[in-house]
Amino acid sequence: MSEPRFHGVIPPVVTPRTADGALDLPGLGSVIEHLLAGGVHGLFVLGSSGEVAFLTDAERVSVIEESARVTAGRVPLIVGVNEMTPARVIEQVRLAEQAGADAIVATAPFYTLPSTAEIETHFRLIAGATALPLFAYDVPVRVHNKLTVDMLVRLGAEGILAGVKDSSGDDVAFRRLVNANRAAGEPLVLFTGHEVVADGALLWGAHGVVPGLGNIDPRRYVEMYEAAVDGDWARARSLQDELCALFEIVFQAQGVSGEAAGIGAFKVALARLGVISSARMSQPVAELDESTVERIHAIVDRSGLLVT
Amino acid sequence: MSEPRFHGVIPPVVTPRTADGALDLPGLGSVIEHLLAGGVHGLFVLGSSGEVAFLTDAERVSVIEESARVTAGRVPLIVGVNEMTPARVIEQVRLAEQAGADAIVATAPFYTLPSTAEIETHFRLIAGATALPLFAYDVPVRVHNKLTVDMLVRLGAEGILAGVKDSSGDDVAFRRLVNANRAAGEPLVLFTGHEVVADGALLWGAHGVVPGLGNIDPRRYVEMYEAAVDGDWARARSLQDELCALFEIVFQAQGVSGEAAGIGAFKVALARLGVISSARMSQPVAELDESTVERIHAIVDRSGLLVT
Amino acid sequence: MSEPRFHGVIPPVVTPRTADGALDLPGLGSVIEHLLAGGVHGLFVLGSSGEVAFLTDAERVSVIEESARVTAGRVPLIVGVNEMTPARVIEQVRLAEQAGADAIVATAPFYTLPSTAEIETHFRLIAGATALPLFAYDVPVRVHNKLTVDMLVRLGAEGILAGVKDSSGDDVAFRRLVNANRAAGEPLVLFTGHEVVADGALLWGAHGVVPGLGNIDPRRYVEMYEAAVDGDWARARSLQDELCALFEIVFQAQGVSGEAAGIGAFKVALARLGVISSARMSQPVAELDESTVERIHAIVDRSGLLVT
Amino acid sequence: MSEPRFHGVIPPVVTPRTADGALDLPGLGSVIEHLLAGGVHGLFVLGSSGEVAFLTDAERVSVIEESARVTAGRVPLIVGVNEMTPARVIEQVRLAEQAGADAIVATAPFYTLPSTAEIETHFRLIAGATALPLFAYDVPVRVHNKLTVDMLVRLGAEGILAGVKDSSGDDVAFRRLVNANRAAGEPLVLFTGHEVVADGALLWGAHGVVPGLGNIDPRRYVEMYEAAVDGDWARARSLQDELCALFEIVFQAQGVSGEAAGIGAFKVALARLGVISSARMSQPVAELDESTVERIHAIVDRSGLLVT
């Protein structure tokens, strides 16, 4: 397994808020130091787990600038520039460039009803507007289009795309992507966004993982990645199984939004670990109820992370 | 049928571009004069048909300002403020207020995975941030959530929502909405966004129609509306059938995006009628091929609109 | 509006069961007499509302035979032959032919993943195997494919299809179908399956309605149909609004299956009216809880049907 | 990894037809001998790959009887009993029992709109009607409901279900199922139905794989399974990668049905290998065009299977 510049464990960093709902920049710095202490290989801010959709442009700039300041080049800083269409994405790219991004991540268009050809043009237009490496974020549950293997490898081979973050939930397609990319000389670096099948993805040949759960337990993801690099798959699986047990925190809430259940649980866990001071979410996302919080606390407490 | 301030035919105004892709403000003025000459009862700019998702904030402000300037209060100006989440919508609301909007239209959150309760909070937060009347835009094909009858009527009764633009394609739910709204004292004004079933919607009790096709043939929609107000349903249906024949322009393209097929066809037709000079779409939407354009021209030519 | 052989109000007849779950053939006869007394123009047995998916072949034959015996030619008897693929549908067609069907109704294939071309072949194979008129049942919520306007009109023009029962929920497509069928010389008779927009569908040119709710209040549907034939659209709408109020029975249950909420409510209402003795559903469909049943009773009681 | 009675490689056996469309029982025997020669641990007939949806009951009985006769107890014979609802499934169970099945496989209800509770009742009713071990087949792409982890483990713990064939494409859920099953004492045997991620599934703890592609290259699947049992994950991955290259046969056809592209490719490949004499599919599935067949032949020829 060669190690390209972007590789390994690159968590999608959560965006903390204070109890009154304001952006919590010290909390963000604390999360980043927690991640770096865990040995992560990069940071991805303003992803779905970073609540990018809920932040104003001013808030987004603050997040990037503070992340760049705290990180100070220790690892690459990748920035989400999700917007509906190319013209609007490119405005986000300018903000990211000025605020200190090392690479950018964009989805297919959303709200719109694009053709396959328009999705491809979308990525070409973005790449043509910046010198930063561009990653495609494949997330059909949010944008309602799946990126195709053929298009991704073609855009990789042409130097339009540097890599892919796959959150499609479609491992059959991901396996095909890994193999087609290898046959094309490996132009793309490939990350899985799925927290609980990363051992499998690494076995298949993924270059890394972008796990929301990595906000909570970065070290164990790094250890799993290192086990995979060493070819110790039994150990990788064992570590993954421990992370699976921890990931149950996102299944505790019932009848709430995807953001409340997932990112809300991440924030509750980070608060439990003392990394941030509040689990507050962006409006209109409600906070989790007390019994859900207690179940999440119990899972975190069982994980062995709470060593004081 | 009482006539509230917002009623009748309120087309979602297309946003013309010049052949080189720039915003075509004179073309926009021309479209608006075409619509006002047709007798429309209001204008809705920056809707899906206005390619709102493809415009930068600066372009959006230009569209609103120019629309307000040209319209000069002759009819109400309703402005789309579609964005992913409340904080971002409210920024759009500020732009709309400053640029001259008389009312605003917002969808449910998108890109996110909201709960029903969060969708309701979303509308409450928007309404709480402005004095302008707020319309809910129900468009599950784009935002992937259907607004519920119960929530809409409740928000109407509380004065949060002024009305609904229904583009859900779910006439069973729309009929239930009309009846539930009536039972609640008719707090909401209700519009169908579906071009070809407006006679039915008016029969059921809709207060108006927001037809993309109204960009092309506003007068016939106005005549249909007037026939409906007069209770002349045979005439309403007959006019609707003529409009159905014209609406076939959006079914001519194959294998292209929803925007290219639909809005692209509207622009081709407006160019054929001499209202605008170019059918150019926003990037990354491709223009229609020549044979599709010819089929659209033939339909327009048969419609009787081309009186010289 | 010409009156083809199949036209008007043709309810999809529910299949009663006794309290112990057995087929209730006397109850079925009672439902049929209730419908004929209401003036319906035809009967459709073994549709979705008839729980066709839940019946064994032996039960299906019993339902057809008893329906044919009770109806005794007073109105046409249309029989659902829903199965996954042509070979299995044709076996059902044989049963229907032998048991006394006057026409048959088939969906697109389901469970399978058919192409558009295979869906068309499916209908051609069925029609080629029987002399009975064949209706296409367009029900994407169950079979997960929408029948296209082009295919339906083509199969009508070739004499493969006699008509369409549209339960697609897509009135835009239905309006296009009505107009395309008219342009082709009206080879198809067109029915809407949606209980609450039938006045609109008739205004557009539908030949009839197949309303599950017609099991409860057949007379009012017949009166609405007659008002439509007379061009008295205000009266048609008024009757439809009354039927909409009654249709609220299907929205009373929460968290249960589509069958329990809808067909379950029909059976509860029929039992309330004394037409059948039990609201029992086919396994594994549970019966509605007591508070739901009470809300349904209250709606039925307000409808004016309970004149003793 | 313990080895329960049902484990390892259990291909879903294709159902050959002669060039004129008749059931090809000698061809079926030839496929089974090919599979047994490859060392498979069981046979699954009348699955989706066996075109169960397209076969009449008489054909289904012939397939089971011939399979039982040829297999003669050398490996367990598992039989699909897919039908819409419990009453109809149980009729299929009777056929399977009489014809020689060792276990049965059933999906959730389809065509119907079941609640979660009804899906659970469905499996309870089936299990209650037979002494044969019952496997749940999780295939939302066909039945449009995903089986939940909680329900599956509960039904396993109660002895209702013997195992699960997971074709959900949702590896996150599958991983959770593996872990929840382990925590419950491993009442279920778990199979993945996805041909190209079986190495990962085995790493996670799956007991076996049900690969359609196993019809073509059973031996390599068996070798991969044995490598997994030995903990030689690099070898398992390498064999899986070879199988991935072969699996590209199902992506060669464009614009055809799922059955034509997938099962059609399997049959073309089997014919190329001389195992069957015709790639004929069940009606209304069309055969693949010549250029697609040639591309499939080229992939098969490159696979090294064609040693004569």
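As written, the chain order gives the labels A, B, C and D, with residue 1 at the start of each chain.
The rule is short, and it goes like this: a contact is a pair of C-beta atoms (placed from the backbone, for glycine too) under 8 Å apart; a residue touches a chain by one contact, two chains touch by 3 or more.
Predicted model, so just to flag it, every value in this text is computed and none were measured.
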Farthest chain (mean CA position) relative to chain B: D
Selected pair, out of B-C, A-B or C-D, that shares over half of its residue contact pairs with A-D: B-C
Interface numbering overlap (same over half, different under half) for chain B and chain C: same
Geometric centre distance via CA averages, chain B-chain A, whole Å: 36
Rounded Å distance, chain A centre to chain C centre (Cα mean): 49
Interface hub residues of chain C, defined as touching at least two other chains: none
Touch list for chain A against partner chain D, complex: 169-172, 175-176, 179, 194-197, 199-201, 203-204, 231, 233-234, 237, 241, 244-245, 251
Chain A contact footprint on chain B (complex, rising order): 53-57, 59, 82, 84-88, 91, 109-115, 117-119, 121-122, 125, 141-144, 255-260, 282-286
